[in-house]
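Note that subunit A is present in both complexes that follow, paired respectively with subunit B and with subunit C.
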Partner chain A sequence: MNGVLMSDETKKGLKSPLRRQLMMGMAAIPALAMMPRPSFGAGPATSAVNTTGLAVTDSEVTVGILHSVTGTMAISETGSVQAEKLAIEQINATGGVLGRKIKFIQEDGASDWPTFAEKAKKLLVNDKCAAVMGCWTSASRKAVLPVFEQYNGMLYYPTFYEGLEQSKNVIYTGQEATQQIIAGLDWVNKTKGAKTFYLLGSDYIWPRTSNKIARKHIEGHLQGCKVVGEEYFPLGHTQFNSVINKIKLTKPDVIYAIIVGGSNVAFYKQLKAAGIDMSKQTLLTISVTEDEIDGIGGENIAGAYACMKYFQSLDNANNKAFVSAFKKMWGEKTVIGDVTQAAYLGPWLWKLTVEKAGSFDIDKVAAASPGIEFKGAPEGYVRIHENHHLWSKTRVGRAKADGQYELIYETADLVEPDPFPKGYQ
Partner chain B sequence: MINSRFFNRSELIGFVSLLLLLVVILPLALDIFRLNLVAKYLTYSFVAIGLVLCWGYGGILSLGQGVFFGLGGYCMAMFLKLEASSVANTKIQSTPGIPDFMDWNQLTALPFFWKPFQSFPFALAAIILVPAIFSFIIGAAMFKRRVGGVYFAIITQAIAAIMTILIVGQQGYTGGINGITDLRTLHGWDIRTDHAKYILYFVEVFFLFAAIVVAQFIRLTKLGRILVAMREQEDRVRFSGYSVANFKIFAFCAAAVFAAVGGALFTLEVGFMSPSFVGIVPSIEMVIYTAVGGRLSIFGAVYGSLLVNFAKTSLSETFPQLWLFGLGALFIAVVLAFPNGLAGIWGDYVQPRIDRLLASRTKKSGNGGLVANGAPAE
Partner chain C sequence: MFGDYSIGDLGAIFAMQGFAGLILFSVYVLMALGLAIIFGQMGVINMAHGEFMILGAYVTWMTSNAFQSFLPALFPGYFFVAMALAFIASGSLGMLVEWAMISRLYKRPLDTLLATWGLSLILQQAYRSVFGAREVGVELPEWMMGSWQATDAIQIPINGMFVMCLTILITIVVAYVLFLSRWGRQVRAVVQNRVMAGAVGINTEKVDRYTFGLGCGIAGVAGSAFTMIGSTGPTAGQLYIVDTFLVVVFGGAASLIGTIASAFTISQAQSTMEFFMSGSMAKVLTLLAIVAILMLRPQGLFALKVRK
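So, the complex of A and B:
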């Protein structure tokens, strides 16, 4: 009976389409060998630069890209994926890292924190990635952090975030909260004479912590200033009429808005519909990049101020080259926001660190990170601090109707990252 | 045949093959990373088994099972988080000894309702009792007033939404949208090592079979038959003198407890708990697992949650940009072609063949004069 079954199987097997595909695939193998070989493989011996079994060969090194390309966060994270791929391509075009070509494995976090943890583990345990560029929201970072610490991986995290964190296994290429907030508040106080502030935010850790720092700074460090209101809305909230009425009643000098994602569209449209004119009412946000304006519509937000470290309109040679390369790769219509630029820094900082350390080993990369300088950054010069955050300038821009920001102010010096600010906790 | 009263033959085949698959085949075939993923999928099976009882047999569609999954998970996570937040581990905080997210939210002392979770027996009891009491309150409030059908489904969905908003809003007490992360040890035993993952997997499989046996027991008793009767003709059951509300409350509570056990195991397997398992979307996904498996089949529920989650993982690994479409197509295909899910496929196509095979063998052996007891081949 068994024999009958087997012969039946083999007979079927001959006709199976899978088999045909396999055979066609095999026929293509000789063709592969004829393809031109890239000139990689001239670096130092693999055994010397990779002592911990990472995915490094004589000619290739594997890194991971872990962002949401589906779900609610996809719209925000797509820019980061594009920037990371661009950086990897540019690094490969200039000879790779330690003579090795960077190969990437992309995984989808699906806007879902446990999925991020699952995929992070896959990238580290299965794929042995030498570094991972990824995550966007704080929640996704918190979900993967224990994974990176347990399996000793290296994460380059691009988003501006709330601080209160520091890990050997993470390089934070965005700004932490004090870098982004304090300079902006000082500026609005000095140049606009602002005394009263209305704080708004989406209801999760980043806006809450940021507003806490803002409140401490306003009440403790700015003379005669006070907070006249503070409110939070669930993620995805779209009804802002009641808070807009309160704003109209209290007439704050500054609306300080940290609303994220799709809620922004409703918020700015309703502000405009309620007759709040941004040329008279100062609004300062730290959460709306050019990417978000794309959804909000430039005409709805024109005149608002944003405080972050990068705008697409920055006028320097690095940035011009970056913007044109980005548009060449991803299309004329793409816009580049703060986080996209920070994501672009990740692969470059990693390359520079690996080359300084002379090794792909995570421990050596982590140890070599402090002091790494990247002079080709689109935002200008950046340097990694002892605490694995970046020294960077803080800038204020004013939104224009065409969806771009025009630079109004920038700090004279690099601002020191301080994830555990004394007196602000 | 010994178990013929408890499991009929096809159920026995199902039970043994599932046992083989989970205890022998998967642990041998998969590395620990994949096995841990299977463990994660299996935690949803508990919810799906609960839904088979409550929805498949009782006809009560709950779109809020995520709430109970979350309650169980959070009870476990609170205990583990307190253990991970020892003074030594949290020196860097302004108030050492409390969970990190409380410190970020300016709490300076452990809230009163967290304190009992320092005791493991209390946490274990809470995993069962908190969802049971909560579902009893909801069930009593709804079913005693004869709220049912679509209205009940809508209310459970609203509860799921309320629960998410509550957890996200009270982040000083719950960890907010980040959830409770970075869980490390259970009574000093590191749950993150590969060795621990193996042990946890087998513990979970043990609980899963216990759940299957309990569910099968409920199904076979008079209680199970009343549930079916209620689903088909609620009024007749009521006029026969049964308290329909009480039976519904029971089915709903049972499903809640199953979900909570799954949630608690999930926390152990995955190492964190977050409100993204509590809301409307995950709750509906849990119903989908049951629907794909076949809502009348306890084993189908297990296979359904395995299949859907496996598809989710492998499709998303292969097609990071397009996998959601693939998953959607899978659901549509299953619902259109096989309205009774995997169990339906089994019942319509596989089972008859096995029966025929067995029947022909008995006949053949009968011809050869080897029939021992002369029992008809059924």
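So, the complex of A and C:
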């Protein structure tokens, strides 16, 4: 059924009139407004830029998009698909990559990890995609990783995740755990004087690894701080009254919550119903982006703090242009969360890397990746590290009732990605 | 773990914990009632139960939007209208499904399992195509949010109490309908001996259709009520389905009292253990206990004596 039925978003993405709307939206970006109409086929010879038989012609290059548009994960991955399509349209509107128009083939991972692996193989072996933007959960990434390594593909992975991984064949455009966690804990300790922490999470690898790092940092690096509770709930858990009572009993300075999916909605609704006032009780989360607030309801989470690298409300020229182009393409009501922005970086980083390498060959792209800078990122300047993760700033935002975050704090410098943190394992 | 706390603190927490257990109990009963009617009275295993609940949730969401746009003055009371509409929507869909699909499978009860599971997939994708893949946020009237301050330290969630009252009301209505009304007697007659019931002039097809519709309608009301405590998305129904089956099977499939007793046992065990250990461990222990009890007593807590 997954092949036949497609969500609204998918259908929209296939319509071509969007292209014109997009060009109008792009006028917001001054540099682009000066560009002449793109013409494709004027780049270097195909035989020179493609020595390994990828799907590159004189006028086109094929990339893959591999996300779930059906199944449970469609909730989260829809935004990433939208962002990647927007980036591809924008790149094409400015002349494409090495004079070639990007054509994309979209496959549906259907929220099922073996399907992800199978579709990844199809994109690499049958379609010879020069790069693939895709995956969302760690489980899906772990499923496709051996495929990308065996068939030598290039994956741009957008989600913030637990770290403990590095591959020649993957560029991680989201934050790894230490980038997301440590700066936020330092901030809450310093400005809120927080000493006691209650750690919560859904029961799988990302929350557990993240809380492990958080605990090590709280107990080892923050003076006089301690963890007063640590708990995990099965994915899809919907009843949080008991743990809320426990929180009331232990009265922690900070509730540190890494709950995901449908549980998230239940947790914040019940927290609010139990009379926990977020203007008095500090709550710090790393798992609620603007996307999730849509389902939770702004009034239920207003006052909570989130620590990640991007908020839709960021006040800079890149971001304003990005948000308005995104809304032109996908509708006024869509919201943009951290992962959506990271997904948007994928095609752009790939383009810049290919142009630096002067080739689409995977090995050359992988080797050219470290040091690639993208100044037009909505989150601000980013750079690819030797370890294929991004240098990026970490920010703390405060949720407002309208579903947006208000920026409270950002690190002065870019935070170095450290997927294998010493002393935190 | 209690050494550091005063007696007053502990008292308040235990009072609130007691309420947490009762709220969970009401949620379980509300979830399971619709399924208990369908499974217990008709022997149909309705795997799409969760999706009927979510239909109710989406109806609530649409009603909330409609009231906000057209009748903002009446918004505080919209929830009651939404629940009625949810009952009608899920109930009608249930009757349609019974007519189109279930009625053809009464002689092959295990096939209903497969058919309704397929139905649940179709409904999920239909919700995704119609309402979008993202979760929707249902806005509640102000009076239903927040908590009631019983004493300085004791706060009881208002939505929890609302679910409790609703559950009591629906249980009473269902009990009346099934055990005291003429129609309820017909339902039980059909369950006990379909051929004989038909022979004495009961329209068994009609009884089946309305029973299935009633079960689905109650699922819709439950879904509507759960917008207060949970999420509303295409696959949110899956969050409830396992617990629902657990409650019904553990209670003894054909017994309403059994469903209530089982919901009470499971919810109290779950909520008490969750207080003393982590949520995942509590779930593991609850499930282990249920498995053990079902091994000793496969028919569930309460079983009716039915002539086969």
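The rule we apply is simple: the second predicted complex is superposed on the first by the 387 of 425 C-alpha atoms of A that agree within 3 Å, B and C clash if a C-alpha of one lies under 4 Å from a C-alpha of the other, contacts with A are read in each partner's own complex, and residues count from 1 in each chain.
The rule is short, and it goes like this: contacts are C-beta pairs under 8 Å (C-beta built on N, C-alpha and C of every residue); 3 or more make two chains touch, one makes a residue touch a chain.
Remember, predicted model here, so these are calculated numbers, not experimental data.
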Will subunit C clash with subunit B on subunit A after the two structures are superposed, or do they fit? fit
Subunit A residues in contact: does subunit B have more, or subunit C? C
May I ask you to decide whether A:D203 touches subunit B, subunit C, both, or neither, giving the answer as first, second, both or neither? both
Under the stated touch criterion, which partner chain does A:L164 make contact with: subunit B (first), subunit C (second), both, or neither? first
Let me test your reading of the model: by the given contact rule, A:F420 touches which partner, first (subunit B), second (subunit C), both or neither? first
Just checking: does A:V69 make contact with subunit B only, subunit C only, both, or neither of them? Give me first, second, both or neither. both
With both complexes superposed on chain A, which partner does A:V125 reach: first (subunit B), second (subunit C), both or neither? first
Could you tell me if A:G295 is touching subunit B, subunit C, both of them or neither one (first, second, both, neither)? second
Kindly classify A:P234 by the partners it touches after superposition: subunit B alone (first), subunit C alone (second), both, or neither? both
Applying the document's definition of touch, where does A:Q270 land relative to subunit B and subunit C: first, second, both, or neither? second
Quick check on the superposed pair: does A:A87 touch subunit B, subunit C, both, or neither? Answer first, second, both or neither. neither
With both complexes overlaid on chain A, what's the closest CA-to-CA approach of subunit B to subunit C, in Å? 5
Looking at subunit A, which of its residues have contacts with both subunit B and subunit C? 69-70, 203, 232, 234
State the interface residues of subunit A toward subunit B in the complex, per the touch definition above. 69-70, 106-108, 110, 112-115, 117-119, 121-122, 125-126, 138-139, 142-143, 145-146, 150, 162, 164, 203-205, 208-209, 212, 232, 234-235, 420, 425
Subunit A - residues contacting subunit C, complex: 1, 5-9, 69-72, 74-75, 78, 203, 230-234, 236-239, 241-246, 248-249, 261-262, 264-266, 269-270, 272-275, 291-300
Within their complex, state which residues of subunit B touch subunit A. 33, 37, 40, 92, 94, 101, 104-106, 165, 168-169, 171, 176-179, 181-184, 192, 270-272, 274, 276-277, 313, 316-317, 320-321, 323-324
Residues of subunit C touching subunit A in the complex: 5, 9-10, 13, 16-17, 19-20, 23-24, 27, 121-122, 125, 128-129, 132-140, 145-147, 149, 155, 157-160, 226, 228-236, 238-240, 270-272, 274-275, 278-280, 283
